[in-house]
Amino acid sequence: MDVEIRVQESPLDPLAEQAQVYAAGPQVGGVVSFVGLMRDINQGDRVRAMTLEHYPGMTEKALGAIVVEAGRRWQLDSVRIVHRVGEIRPQDPIVLVAVASAHRGEAFRACEFIIDYLKTRAPFWKREDMSDGQSRWVEARDSDDVAAASWADGSESPTTARGDARPGEKQ
Amino acid sequence: MDVEIRVQESPLDPLAEQAQVYAAGPQVGGVVSFVGLMRDINQGDRVRAMTLEHYPGMTEKALGAIVVEAGRRWQLDSVRIVHRVGEIRPQDPIVLVAVASAHRGEAFRACEFIIDYLKTRAPFWKREDMSDGQSRWVEARDSDDVAAASWADGSESPTTARGDARPGEKQ
Amino acid sequence: MIRLLYFASLRERLGRGDETLDRTPATVGRLRAELAGRGVPWSDVFAADQRVLAAVNQTMAGDDHTLADGDEVGFFPPVTGG
Amino acid sequence: MIRLLYFASLRERLGRGDETLDRTPATVGRLRAELAGRGVPWSDVFAADQRVLAAVNQTMAGDDHTLADGDEVGFFPPVTGG
């Protein structure tokens, strides 16, 4: 399994990153990717910019552990995670997770597992700069804990309800 | 909901297509995409090229109905389906499904639903040209029927086991 | 009168991609039986144990679907796109 | 001796990003109690009802995790990446 994990201050190009995954080889049948983009509204307030802080060293270790766990559960050819840090603007890509597998179901499951775990276990924090000049730290969301907990130890599919859609709630 | 559905003989650029989806607007929080690529081996034989035939008119109608059904089940901002027809070569992209939503769980569910349904309900057929000069029509796979059937009428999550991974089976 | 279309392996096995029938059988099932009665290769292609799908006016249709004058009926094997 | 790191809102509320303790408390829980005993703002940040996560040598650790000389302990709020 090819694995590439990167945390970077420079802009994230999700398309160039995916191109690398498509090129993983002629055995790759399907690639599933998730791209998280910055929105310009959170909890009803207009957000002008966002600053992403992380815990250097631990971030790479935590992401590496998530990928190892995904590789234990599913048969994967290639996994790529790239996460932006520093100041970003609305519509900028924040994170890319791309998974290649011979089996599309496994690629879907692994990609969602990785982003669910990243959102609850990887040490990143977002601070929002509002259009009124104030700034605030983004609060963790209970729905992310519920999503991550749906992946019971070692299971290949979510084992509990994920409660995906709450109107007005982000991503 | 923005919807774009295309069947084309010209090469499919999954990255350019996704760029259109990212641009759907500042409310888009996450984009999930599936790209199916041609592999160079099927059932143990080397495949030199593949020809994709379809039923013009019905294809667009079937894909449109699948997207309408996805839009009924999940809250989506944008859906794009592009499918290649004509002669293709190993590693060429065959299909792109990209779904943008404010909620990542809904984007994952809708994207997988669309590709599962496309594989059992959209009138495309693949003929493989083997490296030994023979050619043959690809057989439909039971696992695709199982995957499509896992989306019970109107449900927002798979309701039956999907039996994803069979070693050696494609995508 | 109805228009018939054949796709993929069916088209190759039958040696034609389309035809026009000047009558209109009552249902898709009756139409299948009529085509199967033409002898080889039709009897093989439309044999009861063969999985041949039908679409009427570009929407999947079962054997009990009623046909009307002017309908377009497509026959094809299980799909393999994506 | 252990090294302490504070991130995000914790760093801002405590007014510092790191420090070195010349002793080594027995566990993460003991370390938390010691920090909470420093008075405001430490007592607020490390109050029992606050969700403050800990990592020892860059891996998440619970309160009963035993500390060793030279460990790096990071404290931070629930994560919000992705």
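By written order: A, B, C and D. Residues from 1 in each chain.
By definition in this document, contacts are C-beta pairs under 8 Å (C-beta built on N, C-alpha and C of every residue); 3 or more make two chains touch, one makes a residue touch a chain.
Computed from a predicted structure; not experimentally measured.
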*If you walk touching chains, what's the least steps from chain B to chain D?*
2
*Hey, how far is the Cα centre of chain A from the one of chain D, in Å?*
26
_Report the inter-centroid distance (CA atoms only) between chain A and chain C in whole Å._
48
_Inter-centroid spacing, chain D versus chain C (mean Cα positions, whole Å)_ = 72
*asked:* For chain B, give me the residues that contact two or more of the other chains.
replied: 36, 115, 171
*If you look at chain C, which of its residues touch at least two other chains?*
none
_If I apply the definition of touch given earlier, which pairs of chains qualify?_
A-B, A-D, B-C
*In the complex of these two chains, what residues of chain D are touching chain A?*
5, 7-9, 51, 55, 58-60, 74, 76-82
_For the complex, give me every residue of chain B touching chain A._
14-16, 18-19, 22-23, 26-37, 39-41, 74-75, 90-91, 93, 102-109, 111-112, 115, 147, 156-158, 162, 164-167, 169-171
_Interface residues, chain B side, partner chain C - complex_ = 36, 52-55, 57-58, 61-62, 83, 94-95, 115, 118-127, 137-141, 171
